[in-house]
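Naming follows writing order (A, B and C), and every chain is counted from residue 1.
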Amino acid sequence: MNPLLEEIRRTPLFWLLVLVPVVLVAQLLRPEAHTLLFLLSVAAIVPLAALLSRATESVAAKTGDLLGGLLNATLGNLTELLIALAALRAGQYVLVKASIAGAIVTNSLFMLGASLLLGGLKYHIQEYNRDSARLQAGMLFLATIAMLVPSLLAAADNAASAAFTHSLSVSLSVLLIVTYGLGLAFSLKTHRELFVSKDHHGSEEEEWPLSLALGTLAAVTVLVALVSEVFVESVQQAAVALGITPAFVGIIVVALVGGAAEMVSAFAAARKNNLDLSVGIALGSAVQIALFVAPVLVLASYLLGPTPMDLQFWRGAVAMMLIASVTATFVTSTGRSAWFVGALTLTVYIIFAITLYLLPPQT
Amino acid sequence: MNPLLEEIRRTPLFWLLVLVPVVLVAQLLRPEAHTLLFLLSVAAIVPLAALLSRATESVAAKTGDLLGGLLNATLGNLTELLIALAALRAGQYVLVKASIAGAIVTNSLFMLGASLLLGGLKYHIQEYNRDSARLQAGMLFLATIAMLVPSLLAAADNAASAAFTHSLSVSLSVLLIVTYGLGLAFSLKTHRELFVSKDHHGSEEEEWPLSLALGTLAAVTVLVALVSEVFVESVQQAAVALGITPAFVGIIVVALVGGAAEMVSAFAAARKNNLDLSVGIALGSAVQIALFVAPVLVLASYLLGPTPMDLQFWRGAVAMMLIASVTATFVTSTGRSAWFVGALTLTVYIIFAITLYLLPPQT
Amino acid sequence: MNPLLEEIRRTPLFWLLVLVPVVLVAQLLRPEAHTLLFLLSVAAIVPLAALLSRATESVAAKTGDLLGGLLNATLGNLTELLIALAALRAGQYVLVKASIAGAIVTNSLFMLGASLLLGGLKYHIQEYNRDSARLQAGMLFLATIAMLVPSLLAAADNAASAAFTHSLSVSLSVLLIVTYGLGLAFSLKTHRELFVSKDHHGSEEEEWPLSLALGTLAAVTVLVALVSEVFVESVQQAAVALGITPAFVGIIVVALVGGAAEMVSAFAAARKNNLDLSVGIALGSAVQIALFVAPVLVLASYLLGPTPMDLQFWRGAVAMMLIASVTATFVTSTGRSAWFVGALTLTVYIIFAITLYLLPPQT
C-alpha cells in the first residue's frame, strides 16, 4: 500500500486534510463568508503543514546529511513562508511583519517553554547539549539584534526618510542571508561535530521513496499556497467579526497555525527526554525566520508586492522579539531544565498574548 | 524573663522603638510639622521592621519547613507592603509605584552589591550556590520583564486607552500571583533540594514561643501600619521642605527604610562568608516585590483605593528596573564574587541615586 | 644605530610617517583643500598611533608591573584622547561624542569580532581565560550602563533641564573615574592573579632605552595633537565633499583610524592563538574609553571647551553602545570561540556601519 495513504490512515491529525477541498470549494461558493473561511483555512493548514514537514524530512533523509540539512534549513518553515508570501502578494505588509515577529516570539517562547514544561512534568531534571543550545541561542540573539537595528535607529531619528529605510532594508536583507549561509556552512560543514545530538527523531517512521516524498512536497506546497490565499483574504474581516484584534491574529494565531507541525515534533521529543531535539527545533525555527524568511520576503516584495516592503517593525513587536531572544538565551544558557523554567518561559508568552488580545485596534 | 523584652534590651537598634509612641503623639499634637513627622516616622519604622522580620522568622521556625517557607515568602516584605498600602489608601499612586520600583532596584543593586562588597573586603574570593542564585536571578529577570511589558507596549502605542491599561493590569496581576505560587511550589516542594543552602541564620537566636511570636507579629503590624500613615502623609511636604525630589524619596528613601532589617541580616551573613543567604535575601526580596507585592497592590486598589491602580510605570523607573535585573543576573551568573564585583553593582545604584537626587521635579 | 630609526626602517607601516610633515605643510599652504587634508591626516595618524603605542609599551616595560600597568591603562587610548581633545577645543561636541561611541562600538565589535574570525580561520576552536574575559566584559557592560543612564532618564523626562544634565554629567564623570581607579586597584593589585595571561606580546621586540621611549612619547604626542587639529578642521567639509554622512565619519572612520595600531596587535595575537591578549586589548580599550576617556573629556570641557559638554548621547548611539556591550558580554561568556562567533560579532558591526553610511544627514 502507498506509504503516504497508510500514514494518513494511521494519523488522526491527517484526517483534517478533508477540509482542504472543503475550504477551496467554500471560497468559490461563499467568498463573503469570511469567518467560516478563516476557521476552515486555519483547520486545513495544520494537517498540510504536518504533511509538508513530513515530506521535507523524507527528502532530507534520502539526500544525505549535507544536502538534507540544507533542505531542512531552507524548507523547514515553508508553511510560514507561503502564508507570508500570500499576504505579500495582497500587499498586507502589516500582516507579513506581524507573522514574522509572531513566528520568532512563538518559537522561542511558546514552543521552547511548552517543551521544557511538558518534559519537566515527566522528568525531574532534564539535560541537553549546552554548547549546541548556546550557539543556537547566540545566533538567535545576534540575528534578532541585527533585525532590530533599523527599527531602533529609525525610531531614534525622525529625519529618516522612506528612501533610507528601503535601501537599508535591502542591504540588511542581503547581509542576513549571507550570514545565514555562513551559519549553515558552520553547522553543517566546518563545525558539524558541535551540533550532533542524539536525534532518534523519525527512526520509527517508515522511509518514503524519494519520488513519493518529492511529489508530496510539490503537491502540498501548492495546496498550502492556495489555502493561505483564502486565509489571508478572510483573516481581517473574520478578526473583526470574532472581536479579535488584528495584532493578536497576526502575531499569535498565524504563528501557532503555521508552526503546529513543528510543535508536535518538539513536544513529543521533550516527552521522550530528547530536549536536544526540542530546543533545536524551537530555536532553529526562530533563527530561520529571522535570518532567512524575513529577508527573503523583503527582497521578494520587489518582485511580487505592489510596493517594496521594509524591515522596520512596530515598536511593540520589536520589544517582544528582543525580550523573546534574551529570554531564550538566558533559559538555555545552562543546558539544564526543570518544569518551572518552562512555566516561566510560557508565562512571558502568555503576557504577550494577553496584551495583544486586550490591545485596542490602532486607529 | 520575656524573651522579647530580653532581646529588645540586648539590641541597640530596638531602642529606637521608643520613637513609635513619640511619632504617634507628635502626629496628634503637631500634624502640620511635616518634616519632623517624616524624620520621626523614618526612624521609627526601622526598628519596627526589624521586629516584624524577627517575629515572622520565629513563627516560620515553629510551623515547619513548608508552612514556614510560605510565611516567610508572603510576610517577608510586610513593611514594604504596609507602607504601600498606606499610600494606596491615600490615593498616592505615584508614591506606591515609586516604592515598588525602589524596592526592586534597592534589593537587587544596593543590598546585593553592598553584601558582595562587605564580604569581599574580608574574603579574597567568595563562592555561593550558583544554581540557586541563577534560578533566583532568572525568576527576577523574567518577573521584571513580565512587569515591564505593559509599560513598554503602552508606550509604543499611543492609542492605548485607560480601559486597556486597567484590564491588562488586572490580568497580569493575577498571572503574576499564580506564577509566584508556582515558584513557591517549585522551591518549597518539587525541587526544594536545589534551594538548600548552608543557612545557619538565626541558630544563635533564642526561639520564641509561638504565642509570643504571633502576638508580636500582630501588634507590630498594627504599629507599622499606623506609623506608615504618618510617613505617607508627611513625606511630600517634608521632601519639599528638605529640598529632596519626590522621585528620590519614593525610590531611594522608602526602599532603604523599608528594607533596613533585611539589609542587616544580608550584610551580617556576607561578613560570615555565607553569601548564599545574602544573595537569597536580596534577590528573594526583589522577586517577592515584583511577583507578589506589586500585583497584590493593584488588586487591592479596587477595594481600598479611591480609583483603580494600574501596572504602568514611569519610563525612567522601567529602565532602572530592567537594568537592575540584568545587572543582578550577570553578577550572579558565576557563583563567585570579589570586592570589585560588589563595588560595580553598588556603582550602578549610586548612579541611579545621583540621577534621582538631581532630577528636577516634574511639572 | 638608534633603535627607533632601525624599527622605522624595518616596519613598512612607519614609512607613512613621511606624511606627517606633508600634512602640516599642506595645512599651511592649502588650508581650504579640506578633502586632501582629511585624507592626508587620516593616513598620517595611523603610523603615529602605532608609534605612540610602541613608545607607551616601552616605557611601561621599563617601569615595572604596577606603574607600567597604570601607564598602559591611562595612555593606551592616547590617540583617541588627543583627537577628541582637538574636537573639544573646536567646540565640535557632536564629533567628540560620536568618537567616544565609535571607539566603544568599534573596539567591542570590530576589533573583537575580527580577532575571533582571523584566529578562528586558522584554529578550529580557540580557548581563552574565561574568568578574565568575563570580568572585563562585565566591567564594559556595567560601564556602558553607567554611561547610558543619563541619556535614558533624560529621554524619559521632558522636564529635564540643561542645568540638570550638566550637574549630572559632572557627578557621573567623577564617579566613573573613581570606578576606573578601583578597577585598576583590583586588576593590578588586589586580584592581579585573575588577570594574568600568557602574554608574550612584545617579547620579540627590542627594548628601547627609557630616555628614547619617553622622548618618543612626548614628541609623538605633540605630532598627533597637531595632525588631529588638521583632521578635526577638515573632517566635516571633507565628509560633505565625499558624500559621507557625519555620523559615519564620527563613529566609524575616526574609531578605525584611532584604533589602527591596537588592531594590528590584537589581530596578530589572534593569529598566534593568543586570544587572551586579543580579547584583553579589545575589551580593555572599550572599558578605558567608557570609564576614563569619556569622563575626562567632560571634565576637560570646563577648562578647554567654549561651553561645558554633557554625557547625553544621541539615542541611536546609546542603542549601539548598549547592543555592543551586550554582544561582547554574550560572546565572551564561554571562553571558547570558533570562526562563526567572530563572523556574527562582525556582522553586528557591519549592520551599524551600513546604517550609519545610509543615514540621511540630520537637519
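Heads up, the rule we're going with is that contacts are C-beta pairs under 8 Å (C-beta built on N, C-alpha and C of every residue); 3 or more make two chains touch, one makes a residue touch a chain.
Each chain and its UniProt protein: A, B, C = Ca(2+)/H(+) antiporter.
Keep in mind the model is a prediction, meaning the values are calculated, not measured.
Q: According to the touch definition, list the chains common to the neighbour sets of chain B and chain C.
A: Both-contact set = A.
Q: Mind checking chain A against chain B and telling me if their interface is mostly the same residue numbers on each side, over half, or mostly different?
A: Both copies touch with mostly different residues.
Q: From the mean C-alpha coordinate of chain A to that of chain B, what's the distance rounded to whole Å?
A: Centre separation, chain A to chain B: 41 Å.
Q: Could you check chain C for residues that touch two or more other chains and list them?
A: Residues 333.
Q: Touching chain A in the complex: which residues of chain B?
A: The contact residues of chain B facing chain A are 134, 138-139, 141-142, 145-146, 149-150, 152-153, 155-157, 159-161, 163-164, 167-168, 171-172, 175, 179, 182-183, 186, 190-191, 194, 329, 333.
Q: In the complex formed with chain A, which residues of chain C make contact?
A: Against chain A, chain C makes touches at 124, 314-316, 319, 323, 326-327, 330-331, 333-334, 338-341, 343-345, 347-348, 350-352, 354-355, 358-363.
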